[in-house]
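Each in structure tokens, the structures are laid out below.
Heads up, the next two complexes both have chain A, just with different partners, chain B and then chain C.
Right, the complex of A and B next:
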């Protein structure tokens, strides 16, 4: 309950836009953080991707320390399919050990290259990743967080994405397309 | 300018963090984001991440945002109806199709208030005939609107001439947000509205919608108004680029409100394209072009055709960590033709092409983490008066995370319109060959704060100094012919306060009050024949309270109480009126509602001496909305 209130207070402060620039940033980060861990409910990793049934789902952040903080707060107490979440800040080269990678800024290209073909759900952001695109690519449209999905890239890593998530995407690059 | 919203343009280190609305206050208290479904997450308004955008909470101006939720809950069926929700506007209904709207005074008795700039999706909709807005030409399916931003106070630096006392931005939803079928309609004993829309995604990144809208007002009354409109909007969104194309086509008929008057027919159409590219360093380029055609015909034979074409570009970028710069320029060309028919009043010349060119720059300088200074200037060249300068300087201070104190000094002008310069009635009115721009220097002070978890408050005070206001003057001892000149000056002061208080998580109150004091005078030597009262017929006080209740998951019950003070000349007594609406969501697709308007009594809102006085009477409106 206390946490709910704390999150509500942050959401309030942020939605109301009174914060300084750094806090203002968190308005969309808050929502993106929610998306990032919840994508896990709509993604199937190959069985070998986890060391055990209880092993946590590892969400890694490359090149966006502030976002890691926001994400840690968002996943606190959350579970998906019996697994908890573990948020880590990693360098691009270490991204392969993660299930979800949120890559931002200059290291984005390196991170994407490092996980190519591995069962890692890569998430990028139009505002910070430039032209580099992961499986999921956030854009903000009319003040709302939306995303594109590259299901063909997901297929390379042998992960599958639920149709419900695909239906929410602004665009989907289908499996089997070039 | 290519400036769809204040939010986007008011460049600042602080970003656009979403809209301050009581709805979101309630939302934020109700539930944290974790409680939302993944579908709902996509509908939460967030920062527009571009460095050019600014939250309403940060915008150092008196800005009130009417959200789509506000409009839905108020049962709004028209744009003027929506604008009643803004505490910083005065909306006075004249008859079924005519309404007078102004901010900070100068609401003109002829329904031609000319100090308010109105944009619909970035398209300027004021007419060069009198620099005001024909509100009967501005219609939309309310459900497809994202929001309406109402800024009271000058906005010349960003929006250019005519943004003197305020700016209204009507912003429709991106087509990605309006997919599926929508049918919305309703009726009272004297009016009917029906809107249909279909939208869908296409290709990888595109979406479109098409719609049709029909309305009848004052059915079987002398001032019956019928209107039909259709249009489309398509949006392509990729990581870097956003492309929008939209168009509208409409036609309407208004019956003569009195036996002495004539029927009016209007028709028009417009098309607009806007392209935005955003780079990884958050710099952004936006280019917009539109074409707009309007035809109005009065059955007596008077006919006005106005074409407008505009091209605007703007570029915004961060400079050296402390500066956020937005600069741009544009051109707008209007061509009108006026056929007087048998009337003795005509425009000379009867056809005219007016050109406006502008360049502007605005820099938001972060002096410290809590202090921003925003300076800018627009240079605009128009066909009548040449170069006009519209500078502004604003200071924003955030004493705490939850509060903003701002002050500003700005200059704005209203450039001459055709009616100011070229309107001739032989022997009676000889136009305004020497009429120049009306000028304003405005001093503003504002404060906004999330005072407690439950209370949000905004207060803005202003002192406006006007010069060269329009007068109609005698040219000699015989009085006639009259001439339009700039013989008036004066000052206005005012205070606008509004806020929202959440009593519980299911009940909140919104309130607003605006006070206005005018002190206008004729300049020595002026031979004005109408007097200073002709400049505007405004209430000293306006106030409203809205109660918004969520009765369970499916039912809304809302009450509005509105007070508008007396109007001096022509005299309109003050009135208090009440609206009530109950909305019931049957399921995910269907919502039904019953609304009562003007429940307390019959009252007059505004008077144009040339038209029959119309009372607003109690009415009950039943409506339904179905979405696929």
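Right, the complex of A and C next:
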């Protein structure tokens, strides 16, 4: 499935001019990488989610190796609330050990299922994750990376999201709503 | 009170106040300048704080490249009228959101954070947008500095206050200076006035003194003239007696001499009464009887062409006064009336009861039909030594004696006059509570007491001439006498032998005067009759516990007082 998508992407790239498409995709990935770690400063994990105050914030990538590389580079030197970042590529089943999980491609549904009810901020991408949606769901509107927020899902995992971040979302599924 | 600011005059006070006002103004100006720059700094600071608040707000928008969200924040800022333009720049310095008011230039496309700066009417402040140590972009804020007019109007209130304060200081300073000047002038005027008053007083004193001297000259002239006349009468009388030692002529001559001496005595009495040496011996008298008894005296004193009319109702109240002084007063008034009627006329003396709010009085009016007295002279008639008579014709003491007598009796005197019609002088004497002790007519009955023949009298007198005269008089009365020159000699004599009576002068050289001698004698010989005599009429002499015979006196006076003293002794011994 994953390979099919990649093949399709390459095929599209070949069809519509590889350079431009690739460039746009890379730019979006960079932005998304920035967004992922920047989300951390607007999210509150329950106290038990970290081993210690200095323990790094673990960002896991499921099913998107390239993005993992981009993200690793993006978080370099970044800190949030005194914590550094640690980027890992994990399988869907291991996603529960992470604070943020970026899920892409086929394992997205597994990954989401695996972390359900855990204090994990799940991030999905409309371009790669299909209909599966995490707490934050990237979309590209007018060539700009935007996102939807499912605050109700966040509440299930006992994590809270700053209102300022909510105000930037295209849509918010409020806590307590069905 | 001395103050640090003590302007000498009005001008320096004004200058000082003006200086103070200027200092105040300069201070006010400095304050305004300081305030102005402080205000600008403050404005820049405030703008910076606002930029920081905006930076914090737009940080998420910049983090997630959401320029619409940033723009929303800036749009919200438009509600603040103080902000004329605002913009948000991303990390590369590219403007991502902005707004500006219609009349203000748009914020620059690209912008880098810098210190606040003033550009014309505006202040620009900027701040970096930071999140977790990452520079996300910057915020640009521009606000209008107040226009000059606004600033001036802001300072106008303070300026007006300062001006007012300066004005108040100026006005107060000027007023204070003016007050001081006025005070100083007032003081100098008061001093000047004081000096003038002093000078005037000195001048008046000098005038009074010269008038007194003039008056004394007149008085001495008058007295000398009168005494000369009297002495002439006595001297010529003596010569006549020498030539015609007997016969009827002698009696008439002696009578003339006696009258002359009486007048001399009257004159000295008048002088003494005027000098107030002789206080009044107040007693209740019957004015009617007293006046009627004066008929003879008046007839002798006045001229034949003057008709005397004395009107005394029978129900007259008794009055409290000195009979001798009363007679003298009436006589003085009569003599004045005589002189006012050189061509003859009528002298009327009327006595009447007069009740008034001040009490009951008996009024005695002496009226003449003479030439009258002019108003200006009328004002001065009661002044001592004042006379309209020629030098040597009057002493100027007549009316002043009347005035003094009336006042000392507790009464009053008034005078009214019409030119060429006459003058009326009215004496008001207070009514006496008690009745007169004896009728005035009874006074002249010397032979009522015990006979003096054969009585021995000790005469205490320091003056040889007087002692000789008293000795002669006592001899005429049939008494034997011994003279002692002073009190000690008298006591000595009394220790040697017995006397029926002691007759002593009051003023004497030696350790004791007459009073003290009398008291000592009363202690040693309680029954010894003592009679004192004096030529000096101080009140102490009159108030004596012993009978006092006033000099000069006649044989009759001496006889009656000695008789009275002996009778008194007899009464005391008998009881």
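The criterion applied here is as follows: the second predicted complex is superposed on the first by the 154 of 178 C-alpha atoms of A that agree within 3 Å, B and C clash if a C-alpha of one lies under 4 Å from a C-alpha of the other, contacts with A are read in each partner's own complex, and residues count from 1 in each chain.
As a working rule, a contact is a pair of C-beta atoms (placed from the backbone, for glycine too) under 8 Å apart; a residue touches a chain by one contact, two chains touch by 3 or more.
Since this is a predicted model, take the numbers as computed values, not measurements.
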{"item": "First, second, both or neither for A:38, with chain B first and chain C second", "value": "both"}
{"item": "Partner chain(s) touched by A:129 [first = chain B, second = chain C, both, neither]", "value": "first"}
{"item": "Which superposed partner A:171 touches (first chain B, second chain C, both, neither)", "value": "first"}
{"item": "First, second, both or neither for A:109, with chain B first and chain C second", "value": "neither"}
{"item": "Which superposed partner A:30 touches (first chain B, second chain C, both, neither)", "value": "first"}
{"item": "Touching partner for A:140 - first (chain B), second (chain C), both, neither", "value": "first"}
{"item": "Partner touching more residues of chain A, whether chain B or chain C", "value": "B"}
{"item": "Which superposed partner A:80 touches (first chain B, second chain C, both, neither)", "value": "second"}
{"item": "Contacts of A:155 with chain B and chain C, given as first, second, both or neither", "value": "neither"}
{"item": "Doubly contacted chain A residues - partners chain C and chain B", "value": "31, 34-35, 38, 41-42, 78, 144-146, 164-165, 168"}
{"item": "List of chain B residues in touch with chain A within their complex", "value": "7, 13-20, 24-25, 27-29, 31-34, 36, 38-39, 41-50, 55-58, 146, 173-174, 176-177, 201, 203-205, 235, 237-240, 242, 278-280, 282, 366, 369-370, 398, 401-404, 448-450, 453, 456"}
{"item": "Contacting residues of chain C [partner chain A, same complex]", "value": "60-61, 63-66, 69, 131-134"}
{"item": "Chain A - residues contacting chain C, complex", "value": "31, 34-35, 38, 41-42, 78-81, 144-147, 162, 164-165, 167-168"}
{"item": "Partner chain B, residues of chain A touching it in the complex", "value": "4, 7-9, 11-21, 23-25, 27-28, 30-31, 34-35, 38, 41-42, 74, 78, 126-131, 133, 137, 139-146, 148, 164-165, 168, 170-173"}
